[in-house]
Structures are given as structure tokens and as C-alpha cells.
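Naming follows writing order (A, B, C and D), and every chain is counted from residue 1.
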Amino acid sequence: MSQRNIRVKATGESAVEDQDVEIVERKGIGHPDSICDGVAESVSRALAQEYLDRYGTVLHYNTDETQLVAGTAAPAFGGGEVLDPIYLLVVGRATKTYEGQRFPAESIALEAARDYLDETFPDLDVGKDVIVDVKLGEGSGDLQEVFGEEGTVPMANDTSYGVGHAPLTETEQIVLNTERSLNGQYGDENPAVGQDVKVMGKREGDHIDVTVAVAIIDHYVQDMADYRDVIEGVREHVTELAGEYTDRDVTVHVNTADDYEDGAIYLTTTGTSAEQGDDGSVGRGNRANGLITPNRPMSMEATSGKNPVNHIGKIYNLLSTEIAHSVAEQVEGIREVQVRLLSQIGQPIDNPHVADAQLVTEEGVSVGDVEREVEAAIDEELANITDVTKNVIEGKLSTF
Amino acid sequence: MSQRNIRVKATGESAVEDQDVEIVERKGIGHPDSICDGVAESVSRALAQEYLDRYGTVLHYNTDETQLVAGTAAPAFGGGEVLDPIYLLVVGRATKTYEGQRFPAESIALEAARDYLDETFPDLDVGKDVIVDVKLGEGSGDLQEVFGEEGTVPMANDTSYGVGHAPLTETEQIVLNTERSLNGQYGDENPAVGQDVKVMGKREGDHIDVTVAVAIIDHYVQDMADYRDVIEGVREHVTELAGEYTDRDVTVHVNTADDYEDGAIYLTTTGTSAEQGDDGSVGRGNRANGLITPNRPMSMEATSGKNPVNHIGKIYNLLSTEIAHSVAEQVEGIREVQVRLLSQIGQPIDNPHVADAQLVTEEGVSVGDVEREVEAAIDEELANITDVTKNVIEGKLSTF
Amino acid sequence: MSQRNIRVKATGESAVEDQDVEIVERKGIGHPDSICDGVAESVSRALAQEYLDRYGTVLHYNTDETQLVAGTAAPAFGGGEVLDPIYLLVVGRATKTYEGQRFPAESIALEAARDYLDETFPDLDVGKDVIVDVKLGEGSGDLQEVFGEEGTVPMANDTSYGVGHAPLTETEQIVLNTERSLNGQYGDENPAVGQDVKVMGKREGDHIDVTVAVAIIDHYVQDMADYRDVIEGVREHVTELAGEYTDRDVTVHVNTADDYEDGAIYLTTTGTSAEQGDDGSVGRGNRANGLITPNRPMSMEATSGKNPVNHIGKIYNLLSTEIAHSVAEQVEGIREVQVRLLSQIGQPIDNPHVADAQLVTEEGVSVGDVEREVEAAIDEELANITDVTKNVIEGKLSTF
Amino acid sequence: MSQRNIRVKATGESAVEDQDVEIVERKGIGHPDSICDGVAESVSRALAQEYLDRYGTVLHYNTDETQLVAGTAAPAFGGGEVLDPIYLLVVGRATKTYEGQRFPAESIALEAARDYLDETFPDLDVGKDVIVDVKLGEGSGDLQEVFGEEGTVPMANDTSYGVGHAPLTETEQIVLNTERSLNGQYGDENPAVGQDVKVMGKREGDHIDVTVAVAIIDHYVQDMADYRDVIEGVREHVTELAGEYTDRDVTVHVNTADDYEDGAIYLTTTGTSAEQGDDGSVGRGNRANGLITPNRPMSMEATSGKNPVNHIGKIYNLLSTEIAHSVAEQVEGIREVQVRLLSQIGQPIDNPHVADAQLVTEEGVSVGDVEREVEAAIDEELANITDVTKNVIEGKLSTF
């Protein structure tokens, strides 16, 4: 056993699954806030990768500030158009000179942002519908230093914390997988389904309401009947999908604000409400685990765009979620685990000030029964903390 | 008693004051994120007031997106200078035409933003150190409608929630009041103390560490000895202040990253790190109660800049805090109360889907003993919900 | 003969071909000012065409203001890179609502600008090396009216004038064709030759100096020897080309500011100096005939981007050049003709206040001998004035 | 007599004063193009002065690119308002690091631009009606070198030329002084007269039409009668003023596009058409002598904002005008003189490749009679060429 300060205890609360009311939300990848998260994280990955390729190490940068200003659009059955482009301002800091050589931080950021939009939004014409602007300054002098030696664990440069939990409740699973499916296989097969999907799950006792707002893409629907078919298709699909995760009673609502008589429906040209009226920015939507969970402690940290080598808030939020899942999967007898990591300035990040796990155990299992196993699982994940950095840079870990 | 759905129950957790580890943070008004919060809220107030003055009602707008791109500065003992101005982009939506008349939303926003900066930052030369840009689009057509009839309670247009708690723990009080004092009377008397004050409180058992990072303004310090005097002054002041709120053992740390030998100190020309290297945006810092409290449930909602007439997230976050304070003050026997309000789409906002209060009572007091009083206090606050709107517009309620 | 006020007379000056000193300049299509001209004119054509397609008529717009802010680049033998993208701001006015329907002026402008850059600059990666921003406002209310009835001649809405001359002197021909060849067939065959070609011709008596500054594209040159080969190739090509237009003594200078010893050469990554240090804007470079000719009267008018339906300055500058060429080609005995058109507010544009032609005739020919023919040629061109508009929209008439 | 290459000869043309048709134009200081000229030149002066103050020498910079994007306004009798602010982008190059010290080029530019607007436009509320943005890059590496030694004459770094003439014709004097008076004493006494004054003079034979377009400021006119009084006052004033410069027949037209019946008048809130619909940029309006004179050779050079130490185009345009005036004043018997200066790369700028003066002499005077005197006057001015730089920096020489 390591010397790490790991604490395991029971939570005083009941498991979220047992609470009376549970609310869960996910803003899909096409929501204006998520667009900003996605752009910021893409820019971050591109910079990190290029620093690695050129210098063998990731230099200082932080690109966790992207501002989206909505455009104006005139959607129409059969295909409308964007009138005023969306404006996207990528903001942050990056090291622009290293060992006397200039580094093309702004060009890389511009390209990464455009490429991300291009790949993610098939009905957004990036050359016509979006203005991508970039303002990347340089950091404070002393922050431009290279991060540590290769292979060593960086030091925490701030007091920060991360929080994660596992396993997901039924409602959380439904919300998360609804969005993933609509933006995954179901979306591929039904191109009318836009990327701006917002899912809210509300469970009261044993009834779950799943409310889905999905931007329908005008090009693929010829009239109101088509539109209603698409909506009904989504409703059926989500209902079926929810059944895979729960035996509770589920009601699915899709685009409830629609008013067919007035013709007020959620029709878009590009698949995102950013085309008309909805601004966005980084860190305002999903937490690092992809959800907004008011029933759980959440970190304020804007994870997307942060430097994954030494930004302790980013690393600890991602890692605490990883740890929670490891514990929940490896250790038997656990109904729910919440992990918090608190950093200690000036100490290696694999050695947090405290790592605490709060457990809800299954009936008949005491915290004492599983304490050692939980500690061991946490300890092992902390020992491999630099994997988080690696996985983030390689795009294997989502941040929103 | 009203028909409102108010629930009162005991929390399962121990009071935060009794938990082993407590972390509390406040970003002062000069922190780049808070600058954005402050600008967004100023712009919001100015728009609301002008809509009221012209039309007798507040029209649709939302200005909860301000992006700050840091400048570059060369601070120096006795007075340095800003090299590249800070860039501030005010973003949002506003009704620009009403009853055939154009409304000067952008000019109002520009002026409000500049005025706020001018009043808040005595050492920031707004005409030279800041570029203020504005991009206010119009909202979706149907959202431009006027909000309700005068004197009626608006309907909730979204499923959202707010959360608040009271009373503040000792650590919370210390953190909040440290910043307020440094940016208040102490700051007035000690002009070297800049507005960018960041306070973190960490309590472990009965020991509280208060870590203060304060931007010192170069114009008022002639040399390193002066600087050290200022820092020592702050340390003593905060230590004394903390003693007013706790009998626990308190250690105060000020500008711990300073390295006097290397000359690496926290010196600024304008009093904010936005002058060099720190970007910011709305909703990334303090919650509506002015604090970041990982030990408590928090809402992700960016409160600043939102329309206070119908933005249910803003109203409920502010109101739940108000309610918690009312309960804690009015009802005897309560150690801690946490209030959550969940909205119900299409219903008047004074009639939430559920208002729940979780209590930690004093020894010898049961929830049943105080339930009725708590319900009554909540009910009364809900009945006066439109006061929140009024107080926000008049600047009487802070949002960050 | 029409009633048009056409005056023909002898000029008092000697023919430019006979003057002691003659200076002629052309900024190639890759010069930052020309980039702006080209973008502005592309945007203009795209708007005009789309108005025609949608409404059968060209609505009010003016896009004669594009600002280019240079980027930063690190060219290198074998291929360098752009560090900070070029920033291009397309500015102007356009009708955005017509008969209750919104017109996508900004999206069209954005796409036209990007497409132009993409087609014109093979080594500029538009998605990575350029930020294209657009700010198109609406015009004054009364200017948004549709221009005239189909098939009628618009009225002049301003007092303006245009000036043109023909035939080109030898020096003018050499300068014009040098750039066209380097940006034409020679450039196609020699991809190392960038689009930013600046040609200055200076004739003193019978000696012509042709000074060419050409941005060499780093990707195609591996070392200094390669570079020198490219330069020598250009020198030989231009020398040969000049011989086609003159029997005078010609000296060609290419990239005279190069210093091979210091390694200070004109190497670029994208083929334009806009990548590093040279800003640009519309109307600052070539006149409507493609040249800058200090020996001749020139109009200050920024022709590119102006509305070709009713902008009298644009039309008259293009038309006066067309007329001069017609006269010079059709009427025998003319060595040089300069045409000026002065508009008359409120009158049809085919009926200028005055159209005057100043002639230098060949020896033995008097103005009286050719006066009628010249008048007839001018009259005919004026009668077909709406062809100018048509040819501009179709891209058949260059404006810079 | 010096070794300078000065040539004096007769012009082949008749004096402009004798030509049939003469056109002269001046865009007043409030015209959008002139606003840009004024801002660019203010920024230039501020930078030059600060370089001098800090380093004793002017470093490389060029700020000859300012782009104005018009705002939107709702003028109204008694006082209207700006709805969307004017956007002004100051663009250029400046040395930002010298001898290891950073130079605050952008902050200086921002302040100079704002101050200029503030001082020049009493009814423009710079904090509310204008967004001033700045993008100043650094120049090419080798251009950042300091210009020459103190007291020495810089070398020409380009082949460029300048052209000037004197004395002004009657029409030129009327046009120039009309604008100066309206923006001078008359404007001071009649605050309803805005700064955006555009004056066009057209002389045909002995009749001069002076057409004045003047932006009237709404705050000072209560109704249409007031407005008409202001217009009539201007008409009378200009008519009287014109009488001081000519005995010819003069007709003055003011705001001819007004239509009192439709209420279509030239009313503004700020005194400039930049508030609504008219964009602008540097170098698109007046030449260095303050006029646009199609009857004369003009240089395309955008003089405002250029570096006055070594930008040969700026210096030669200003100096050639100075020389022409010296010659016209000092040498008797001259009706008109036009001076052209052509630079010689690599040679001191006081030693142009050629300085030629073309004369129209008074009856009875031959060019030979005055040749020596003209040469001497030119020679003396060239010897004092560095005074131009000094006077520009001190704001004694206007550039537009």
C-alpha cells in the first residue's frame, strides 16, 4: 500500500437512485455551449500534439475560453439558409516561442476549430456559415516554462479538486445514452436529426420523464407531416432505448415547445440552435462526465480546453470519475461511490492532499468489508495518473 | 397556508460546519471571470431599466455571455503600463425593435460595460487599457414578446432549478468577508491593494487556512520593501478579520507564489490579472451567493447577465439563497438549511414544481418541531418572488 | 448623332510616350491591396448575382471596404508555415430584407471572399492561414430601394467622374503584361512564383527599367541556389516579354532588396506579403485599368466592390477606359486619347454632363479630321452603358 | 547651387484657372474617410512622439490603415440617439520591443484614436457611440531597425513620387475654405453644423457651383423650420465666403438631396454620416493638400498614418506641395507651378532622382526668366527636408 492519503467512508445520504426526485441533464454536442467545449478541447488536443511532435514535450497553454455568438437563419422545409454566420472566438494562452523558434499556435487553433466543426456538423457549411476568429495571447512569463521532465509526474500548481461518481443511475444512463444514440447510429440513419440534442431526465419516485429537444434539419423534411414523423421516430427510439436501462415507468417528450398549428417548430438549417439566437461558451454545460447532475456534488471547473499535463482541476475531475468507475466495477458490494480528489500545491499530482471515497454499500455489506479493496483501486489509478493526460491528448477521454 | 408544494426534511449528511474538510473559494470583483460577471450584470441592469423607462415593461434580452481576452502589461515599481489592451466582448440577445421603434441595445450595452469598468477599477484607464466590443443579436422571434402583463407573475419557460443554503459556515464567512473588506474599506485606505483578490479557505477539522492572492498596484509601491509591507498589512488585516468569525485556529497566507529573490511578485498596473495572461468569462466563477462551495450542491447556472424577469434559473438561484437565509434567521433551532427550487414549465414561477428544504437542526430540535415555521417562511418568500426581479434591476442583489 | 454633350479637342501636352520620364506601376493580384480589391469585387459580384437570381434586379449594396491585417509567417526553404493567420474584414452595406424576405448578405459575402482566396492563392490554406470576418450593415433607408426598372438606364445619384486613356504606352504594356504573365502561364509553369508580384516601370528617354518584386514560395525552392535560379528565370522571362512590346533598351531588376549574404530574400510560404507585415485595403492600389500612372490623370475612386448598377464613379471609370480603347482602335490617326466622363445628378447615366476626349493625333492628322469619328465612337459606347454593369457582374471586366 | 537634379520647364497645358471645366472636392473632417485619415494620423503622431520621448528616435511603424464600419442611428429633432455604435479598427505595424524593452504601441494607438475622436466630434459620445478596436502587428524583421542617426537625412527605401501645385485656383480656395470655415469659427458659433461637411466645386467657364452637403446635428434643431434656417444660414455664409476668393458668378447649393415634404433631410445625432450607413477608410479621400483635384495629377499615396521619418511617398507629397507654394510666393511672374519629386532608392531623400517643376508663367514672362529662382527655391526646400518630418510629428502639417 502506498503512502497516499486515501480515505474511505460511508456517505450520510441515501443513494441517488433512492432519492425522491432526481434531475439529470445533458447538452448534446450541437448545443452552443457544447460546441464551445468541443472546439476548445480540439484546439487543446491539436496544440498538445504539435508541441509533442516538435519538442517532445507539451508546453504551457490553456484554451478553455471559446465564445460563440449565434447567427441568424431562415430554416424552411426542404432546406433553408443561414443569413448571418455564427461567430466563434477561440481565446486562450499558448507558448508561441520556444528555444528561439516560433510556434504557430494561432494557425493550429484556427485549423483545429474549423476541422472540428466540419467533422462534427455535416449540415453546417463551415466556409459559409461560421466565422472563426482566434485570439491566443501568451501566458505570464514564468508559466511558459516547459512542464517537468519527460516521464516524471508534474507538480500541482494550484489548490483544486475534482469529483466523480459511479455507477450511473438509471436516469443518468438514459440521459447520456439518449444523446449518444441520437448523435450516433440513430442520427446516422436519420439525417434529419440535428446535433443540437438536449436531454433532461426527471425521476420522481419510480416515474422517469425524459424530455428531449432536438433540432431537426430542414433539408431532410419536406413538410409538417415529415417533421412529425421524425419527432415520432425519435420518441419511439428513445422510449425503446430507455427500456434497456430501467424497468421504471418512462415517458418520453420530444420538442414539447412545438406548436404545429402556429407552425412554431424546432426546425434548423444546420442542426444547431447556434444558427439563430443561442450563444454559448466553454464550461457552461456538461461536467467532465458528460452530465449535469444537481443531485450530486459538481465541480465548477471548465474542463474542456485546459492543458491536460498540469491543469490539476481538469486532471482530477477526469480521474475522479475514472476512479469511481474502477471502484464500482472492481469492488463487489458497492451501490454508489463518490470520489473527491483535493490537490496539494507543490506536491506531485499523483499524491493528492486527500483522496476520499464516500460509499453507499449494498445491503449486508459494510464499508469496512470493502475499504481495502477501494483503497487499492484508488491507489492504482493514482499511480497511473499520467495516463489521463495521454488519453486526453489522444482524444480517448471526453471532457464534456 | 398556500397550495405550494413545499417539502421539509432532515438532511442525511452532517452539517458542513462539522465535516472534516471544507473548501470555500471566492473570486474577487477584479478576477477576470468576475469582471465578466460584473459587466454582464451591469449590461443586463441597464437594458432592463431602459426597457422599463421607455415601455413600462422589460422586453426579452439575455446578456450572460461576456468574453475577456487578457492584455499584456509591464508593471513596475512606482508605476508601469499596459502594453496591449484587454479585449472585452459583450455578447447576448436583446430586443432591438418594439412597436416599430428601434431600441439602442448595443449603445446601452457599450456604455454600461465601460461605466462599470470605470467605476469599479480606479487604476484601469478604460479609454486606453481596454477595448470593449459588443455583439448583441436578436433572439428567436417568439422570444421577443413582452413578458407578461404588469403585476402578474411570469410563467416558467424552462425546467430549471436553484439551490441555496444558510447560514454561512465560519469558513464561508471568512472567505466572503475577506474579499469584501479588501475590496471595501481596507482597499479604500490602502490603494495598493488591487481589485483582483482571490480567496480560498480550507478548513481541516479546527484549522482554517485562508489563502489570499491579491494583485498589488505598482503605482503605490516604490520598491520591494513597500511591497512586502503591503502584503504584511493584508496578512494582518485578514488574520484580524478572521478572528471576528471564528475561534478556530486560522493561518493566513498572502501571495504565496511570490519569490522575493527572483523578483517574481504579484505586481500589476491596473489591479487585475486581466492585464496580463488571465482570460475570463461569465458564469465560470462565483455562484449566485458569491461563493464556490464544493461541499454543497451548486447550480451550474450562469446567473449574471440573465434576464431577471423570466429567467427561472437566475431567479430560483437568487431566491433559494434568500429563502435559506430567511429560514435560518426566522426559525429557531436550525443549524443549517439547504433550499432547492425546481420549476414547472408553463406554471407561474411562484408555484414551483417542488420547493424542498433540507435541515440540520440543533441538538434537541426535530424537523417536526420547526416544519411549519419553515414552510411558512418559504411560502412567504415565494409569494414575493417578483421582488427578486425588482431588486436585481435596482442592483440591490448581487449575482456573483 | 445623339444629343449627348461630347467634346473632342487636342491635348496641350505631348503624348506620354514622348515625355522625358514615365512611371508606371502595377500591384499584382497577390499584393495585400489587390487582395482586398479582389475580395471586395468578388463579394460584389456574388451579391449582385444572387439579387438577380432571387429578385430579378440588383438591390442596393456597396462592398468597397475590405481591410486586411497582415499575419506572421516563418518561411523556410522547402516549406515554412504561417504562424498567425491573416485577418480579413469584409465591410460594406447590403439590403438584407426585401419584400418581407431576409437576404443572406453576410453568408454570401463570407463564402465569396473565401472562395476567391481559395481559387486565387494555391499555396494559401484558407482554412488555416486566414480569418475572414464580415461586417455588412444596412444602408440608409431610402437607398435600399430597388434600382430602376428592368431595361431602363439608371439615374446618376452623385456628381462623379471617370477617366480613361488608350492606347497603353510601351512601358504600360510591359508593366501590365509582366504581372499578367507571372500570374498566368509563367506562374502556372513555375509554381515557385508567388501571386504577390509588384511591377514598376520607369522610362527615362529611351531606357526602360522594369523592377519586379516577386514573392517566392518556399515550398518549391530547396536552397539559395534554387532561389537564385527562380529569380534568374523571372528576369529572363520578363526581359524577353518586354522585347515583345518595345524596341527600347530594357533593364529588368528582380527582387533588388535581396541580400544573399545575409540571407535576406523575398521568401514566403503563401505567395503573398500579407502573411508577414503588409496590411492592405481596397482602392489603395491599381486604378480601374489595372495600372497606377502618375503621368496621367487618375481618379481617386475605389472601383472594386462598388455596386455596378448605379455607382456612377465605378461605371464611368470603367467606361471611360473602354471608350478610350474603342476610339484608339477604331479611329485611325490617333496616337493617344484620354476620355473623361462627368456625371449629372438626376440625369440618366448614359447622358453625362460632359464627355470629353483629348487627343494627340499622328503627324499630319488634325483633330478636325477625326472629330466626327471620335464622337461617334463615344456616342455608341454611351448608348451601351448598361453593358458595363452586365460585364462587371459576370466578371468579364476587371476593376483593379 | 547644389548638385540636385532639378528641372524647370513650361507645362504644355493651359493653367487650370483657364480650363473650361474644373472640378474640386473636399471631404470634411467628419466624413467617414476623413475620420479614418484623422485617426490614422493621430495614432502616427502619438507613436512618433512617444518613440522620441523614450528613445530619442522614431522607430519603424506604419499606421495608415484604419477601417470604419458605420453604425446605426435614429436622429430626431431635438436629439436622437445612436442605436448601434460605429466600429473603428485601427490597423498597422509598430515596433513593440526595443533594446529588450516592450513599447505599448497598442495602448498608445487606442488612446490616441479615442482622444482624437473626443476632441474632434463634440456631439459624438466616444464611450457610447464608438467601438475602437486595434490590431497593430510588428513589421518585417529588418524594418524594425531604427531610422538613421540623429541629424542625418534618411535614405529613400522605395521608388516613390510626390506631386504638388500652387497657387490654389479660386475654386480650390473656395472649396478648401468653405470646409475650414464650417468646421471652424462658423461651426463653433452654429453648433447645429456637423463635422461631416462635403464640398464640391464645379467651375464651368466663369460660373462656379459650390455644392455643400452638411450633416446637421439634431440636438440643436427643434423642427423643420429650424433646420431650414440652419441650411439657409450655411448657404448665405458660403456665398459670402466665396465672394472673398472670386469675382466670378457663384451659386451655392446646400443639402440638395433634402426633400422637405418627405421629411428626408440630412439630420444626424453625432454630426457624421458614419453613424448611419457610410463606411470609411484611410487614403480614400483628400490628397495631402486637403483636396481632390481631378484637373491635376494626383498621387495615389495614402499619406495619413505613414511614418514621417522615412516614408518617402508621404514626405514627397507633403514637400512637393510646400515647394510649389514657396515657388509661387517667392518667385514673381508665375501663374501656376506643379512640382514632382521622384525618389531614388538608396540615396538620401534630400537628393531625389529628379525634382521637376512645370510652370505656367504670366504673360510676358518666360520660363527662362524665372528658372534660376525656381531652382533655388526648390533647392532650399529640399535642403530642409527633415523639417517636414518634424512638422508632421508636431501636428503642424495636415495630411488630408
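Note that a contact is a pair of C-beta atoms (placed from the backbone, for glycine too) under 8 Å apart; a residue touches a chain by one contact, two chains touch by 3 or more.
Chain-to-protein mapping (UniProt): A, B, C, D = S-adenosylmethionine synthase.
On a predicted model such as this, the values are computed, not experimentally measured, just so you know.
Between chain A and chain D, the least number of touch steps comes to 2.
Using mean Cα coordinates as chain centres, the one most removed from chain D is A. Between the chain pairs C-D and B-D, more C-beta pairs are in contact across C-D.
Inter-chain spacing, taken between the CA centroids of chain B and chain C, is 56 Å. In whole angstrom, the spacing between the mean C-alpha positions of chain B and chain D is 51. Measuring from the averaged C-alpha position of chain C to that of chain D gives a distance of 25 Å. Within chain D, contacts with two or more other chains are made by residues 72, 84, 87.
Listed by chain label, the pairs that touch are A-B, A-C, B-D, C-D. In the complex of the two chains, the chain C residues touching chain D come out as 11-14, 21, 23, 62, 65, 67, 69-72, 84, 87, 89, 91-93, 135, 137-140, 142-143, 159, 161, 163, 200, 202, 211, 256, 264, 276-277, 279-285, 287, 292, 294-300, 302, 340, 342, 345, 354, 356. Listed in rising order, the residues of chain C touching chain A in the complex are 72, 74, 81-85, 96, 102-107, 110-111, 114-115, 125-129, 131-134.
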